[in-house]
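Structures are listed in the sections that come next.
One chain, subunit A, appears in both complexes that follow, with subunit B as partner in the first and subunit C in the second.
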Partner chain A sequence: MVRYVAQRVGQSILAIFLTVSTVFVLVRLAPGDPAAAYASPLATTAELDRIRAQFGLDKPLIQQYGIFVQDLFHGNLGTSFSFQAPALDVVLSRMPYTIMLAVSAILFAAVVAIPAGVWMARHADTARELGANVAMIAGQSMPEFWSGIMLLTIFAVLVPVLPASGFTSWAGLVLPTVTVGILQIALISRLVRREMGAGFAAPYLTIARARGISERGLTWRYALGNSAVPLVTALGTRFAAMLNGVVVVEVVFAWPGVGSLVVRALETRDYPLIQATVLVTAILTVLVQLLIDLTYPLLDPRVRLGKAVAS
Partner chain B sequence: MTLSPLAACAGPGSAPGVGSTSGAGAGSGITLALNRSLVSLDNKLNQFDAAVTVQRGVRQALTFIDPKLTVQHVLAERFELTAPTEWTVKLRDGVRYSDGSPVTVEDVSTALQMYQKVPGSFLAGLFPEWPTVTPVDAATFKLVTKHPVPTLDYLMANILITPAAANKPEELQGGVGSGPYVVTAANRGTGEYTLQVNDKYWGPAPAIKTVQVRFLPEEANRVVALRSGEVDVIDAISPDAISQLSGLGDVEVQQVPSTRITQLFYNFRKPAGHPLADPRVREALSYAINGPSLIKDVFADSVSPARGVVADTLTGAVQTGEYVYDPQKAKQMLDAAGVKDLKIKIIWETGEFANDTSVMEAVVEMLKAVGVQAELQQFQPGGDISKWRQGRGGDWDVLGNGYPGPTGLALTPLQGMFAGTKEKEATRDTYQGYVFPKIAALLEKASQETDKAARESILATAQKEIWNTWPCMWAFVPKTVIARRKRVENVLLSPTNSYELASVRLNG
Partner chain C sequence: MTATTVGPADGSGSGDTAAPAARPSAVTAKDLARSGAVRRRKSARLKIWIGSVGVALVVLPVALAGVLPIPGPDEQSLSLRRLPPLTGGHLFGTDQLGRDLLSRVLHGGQVSLTVGVLAIVVSGIIGLIAGAAAGFFGGWVDTVVSRLLEAQLSLPLLLMLLLVVALFGPSIPVITFVIAFAQWPEVARLTRSLVLVEREKPYVAAARVLGLHRITTLLRHVLPNVVKQASLVILLLLAQAVLLESALSYLGAGPQRPFATWGRIIADGQDYITTSWWLVTLPGLVIVLLVVGVNLLGDGLRDRARRRKGPQTEGKVSRA
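And now, the complex of A and B:
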């Protein structure tokens, strides 16, 4: 176990380093000039040259990369051009909002989607399941910007019971959470329905039923228990994706998370800010993935970390 | 100022809660929603329109440009041209910062030095030269220049004064100011600030006790937040949103002509013999543009037609002519100039002005009607348009671009756009290659003329000369627009797109 974790951590560090290095090169290959974005539109060529020198952008790419790596190992991700503050601090000031929205949305999705999926599995191939399926497919088909704007129009404008934008009160979390959650509910409930459907048809459930175990026990303990690994994987993967910023939802609700931050960083060619955002979100994503892996043996005793799954 | 993650973890801000209809709440405060993130309360590097209102609530300058674009004294009690290259300034008696310390001559001197040291500063381009401070007594000093700078009282309105010991050659994130408000909470990362009344303010106490500043980059968010009462004042409003908000009973839309001009500016780097190097062709194309229709149908009357080469709101601006829609004349002039099957490329940056894409698409059709084929190339913000403007990215013919007038003086944009010289063009630092030595000389002369009447006469001549070169295919002056809840009163909106926070009041 310890060896597995150490191995995974080592792999993760390498993956993060390669990711950040790739982003370092790619952002510099993109069109645009950070000096022009930073300076006044009236800045002269000489002033732009001075700014490039100030940011070290006048140096050859390989030299810039060397400096970047050296600074990275000292925990210095540079100063954001647009915020004029340490890039890492800017990202960390936004990260709590992103984590909050991601946690809230994934909890909301799990609380609604798991019972819904179980209900659909228990009413498989009925008119009721068909109705639920239609609702789920509708949820899955709605673009987040559209569902967000609809919710905003209804609950912030027509019946103004919830804040329209930002995080000025806890109620401000409701609409973004529901908007992100709608799509996740649709996806996860259908996954639960599929996994449980297979579980209900499995021989061990027939034996359990023959042993006199109640339908409730069969459903929640056996069938759902057997779906735990794919379910946790799906929830974890979606949660990790949300940590990279739910850009559309953040824009619709003016949510001050990292998604909208990275959009702005890209617009202003704020290299240090882009790199810091990628680094922080990559670390969080890798950590979440590692945690998911570590839960597998707890959910399924057949799983042994670092070894093939026993059949 | 904080960027601490702990601060962000602390939970929601103190702005209004669910369904609040009172902005910052409780009748004593307001909430402003800005379209640009307020990353500092200083303007050394950038001076975004929306930020100026808040910055000046905290930090002040020696002078102030009022809504009529005339100079008012703020920290200065006297600001007087006492010799061609010398202004005498006396600090107002009793002016002090929020920590109780007095504003000193050294603070002014240090501020000027710090503004000079910031690379790429927006303000540096406004000053023909930086003045030096020569103290006379504890409260009086002279601002000395090598050449006459007769508009220094206007220019100094942009230099915000901070205690010398706390000033640095960078955008200040914290520190104290002499303005009517102090910052009590700030998150630069999210662009949210809370201002409270400065108890030690040297002037009349403002009526609004608390000002919340929020960053809502999307217009739709700002409009919904205003409609729902979450915020009290919003800025940067498109024509569509203006018509949407105008019909609401509890919202007031306020518009004044701005100091900005938006132009379809020709590329003056065309080689001799190119059709656009011929002023008759440039003039001819202007007759193809149906300005009144664009203003009415695309801009919904949120802009005014340009009647000169800079916004006519500016001090010293004169009306030099009008853009006339006459496609028949356009065709005749093109024929007379021997131009057939002309193809042009129009470039612009997304969001440079409201409804930009619709305007450009309409322009393409208008040009097509006179036999000119136009190609559009749109650049995303932060992209390569700067390189293209300098002629280093590729060839183009017309640039859609706005030029500000932050000093309230016509001289500033005139010099910025039309005072190009061969020397500047060698480094591509002219405005789209515009180099007319006679005009540059006139503008140079005007910039040093200390007699106001003589200066304005020279400027008028220069503007007429510029108009006759047909630098633009079409131009308009956008209006400065804010929308506010009706409970917010006395918002004295200036053409420079800012207002004095201290004068704002709440009704009831």
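And now, the complex of A and C:
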């Protein structure tokens, strides 16, 4: 168990390091001069040189990388060009909003998708299930920016009951949550349905039924209980993906999170800010995935007893 | 799967199902039609049908955009700005510069679909090669590919894609590569697992005994056996590719100006959402129709393949 955890932590650190290095290399490889983007359009060559020197862009690449890694271990990710503040601070100040949106979206998705998936599994191969299935496919097929604009038009413009953008009150959380949630509900409910379908066909369920367990108990405790590992994996992976994947929805609703920050940072070629964003989100993603892996022993006694789990 | 008769069996039956009229059975034709297997087959067929119709409704007009009697996508007439749909011969209305929206959607669709198809071809080839090599050779090849697949899971994917597009410019090759990069793990993972099963089958051992090179065995014997199953995921990937491309262009990281991609038509139209609903709604509905169609088609084909595969594998292959 300790060895397993140590191995997972090692993998996670490697993944983070690879991500950061990739970003460093990509940014330096690309055409375009950050100094030119930072300076005023009329800047002279001397001014550009001064800016390069100020941000250490005049040093050789290897040396830049060395400085970059050294700073990394000191928690120093450079100064954002456009905010004139430590890049890490800028990202961390935006992070709570993205986490808030991701948490509320994943809770919303779980609350709707699990019962929906169970319902679909209970009504397997009926016309009703086909209908629900098609509805889920439709939810999965909508571009998030489009469904976001549609919801916004309906609930903030035509029937102005909810705020259209930004985060000024908790009501502002509703539309972004629903927009992110639609896709997640579609994906998770179909996963639940698949897993439950397999659970209902398993022999242990027949045995449990013969022992007189109620249908409700069979559904929720036996079939769903056995689907817990893939379900938690999916919820966790979706949550981790959301921490860096709600960019589009954040832009639609002008949500003050990391996503809208990074779009702006890309426009202004704010390298330190991009690096800090990718680093922070990569660490969060990896941590969430590590946490999921560590919940397996709680969910599945086979893992607790040291046997391999097939998934 | 076959329904067993529990009704008035008179013992004289030969077990032949060819003469249902003569033998009364508790299982009526209606029961059979209601059984799960039939329902599954029906719903798979229904999905394939609806999916094909949806795809055709979008793809055919997009492909024929050049010959259809509609105005060009860039023909402006400022006196005809933001006409609602169905006025003045504009089926989808006109946009803020008086351009025909239908024409823009169809021509934009050509770009979006080309990018999508190119992307899945690239990701399909990379994924197939990497997955097959990992599954067949095992050892360090498998380790490298599997670690790469794992590493990509923890990558902030959309951020990376945006970053690459922003850095290297939003040209069609860059966007194609970026989408392919996002999608190859899906194909690789599936191919790897299929090849892992296939590699243990007797014909692979036979090929080896015959003295075939391992690469020849993989290319000529193993790959043809998995390609069909692996290709079923392609349609689902196409749906994702179209969505990803539209999201990138919505964020301004799509193919640039002369091309009107779906994402950017919507991004441009959202400023007028309070007065001209069609500028966002209609292009969006076209995307949804296409993606729903592709998803349904892919789903239906997969259901059908699974059903066909089921009895065959049980009959012919001993499952260890």
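The rule is short, and it goes like this: the second predicted complex is superposed on the first by the 302 of 311 C-alpha atoms of A that agree within 3 Å, B and C clash if a C-alpha of one lies under 4 Å from a C-alpha of the other, contacts with A are read in each partner's own complex, and residues count from 1 in each chain.
Quick note on the criterion: contacts are C-beta pairs under 8 Å (C-beta built on N, C-alpha and C of every residue); 3 or more make two chains touch, one makes a residue touch a chain.
Here the structure is a predicted model, which is why all the values come from computation and not from measurement.
Novice: Tell me which partner A:Thr281 touches in the superposition: subunit B (first), subunit C (second), both or neither.
Specialist: second
Novice: If you stack the two complexes on chain A, which partner ends up touching A:Leu130: first (subunit B), second (subunit C), both, or neither?
Specialist: Touch partner of A:Leu130: subunit C, not subunit B.
Novice: Which partner does A:Val112 contact after superposing on A: first (subunit B), second (subunit C), both, neither?
Specialist: neither
Novice: Applying the document's definition of touch, where does A:Trp170 land relative to subunit B and subunit C: first, second, both, or neither?
Specialist: In the superposed model, A:Trp170 contacts subunit B only, not subunit C.
Novice: Taking the superposition on A as described, I'd like to know which of subunit B and subunit C A:Val27 touches: first, second, both or neither.
Specialist: A:Val27: touches subunit C, not subunit B.
Novice: Could you look at A:Ile154 and tell me whether it touches subunit B, subunit C, both or neither (first, second, both, neither)?
Specialist: After superposing on A, A:Ile154 lies clear of both subunit B and subunit C.
Novice: Once the complexes are superposed, what residues of subunit A are shared between the subunit B interface and the subunit C interface?
Specialist: 31-32, 149, 152-153, 157, 251, 266-267, 269
Novice: Would you tell me which residues of subunit C are touching subunit A in their complex?
Specialist: Going through subunit C, the ones touching subunit A are 36, 39-40, 43, 46-47, 50, 150-151, 153-160, 162-164, 166-169, 239, 243, 246-247, 250-253, 263, 266-267, 270, 273-274, 277, 280-281, 284, 287-288, 291-292, 295-296, 299.
Novice: Taking the touch rule as given, give the residues of subunit A at its contact with subunit B in the complex, in rising order.
Specialist: So the residues of subunit A touching subunit B come out as 31-33, 35-48, 50-51, 54, 82-86, 89-97, 149, 152-153, 156-157, 160-172, 251-254, 256, 260-261, 264, 266-269.
Novice: Sort out for me which residues of subunit B touch subunit A in the complex.
Specialist: 2-5, 7-9, 11-19, 37, 39-40, 45-46, 119-122, 124-125, 170-171, 173, 187-192, 214-218, 220-221, 224-225, 227-230, 380-384, 386-387, 390, 416, 427-429
Novice: For a test of understanding, state which residues of subunit A touch subunit C in their complex under the given definition.
Specialist: For this pair, the touching residues of subunit A are 11-12, 14-16, 18-19, 22-23, 26-27, 29-32, 124-126, 130, 133-134, 137-138, 140-146, 149-150, 152-153, 157, 237, 240-241, 243-245, 247-248, 251, 262-263, 266-267, 269, 274, 277-278, 281-282, 285-286, 289.
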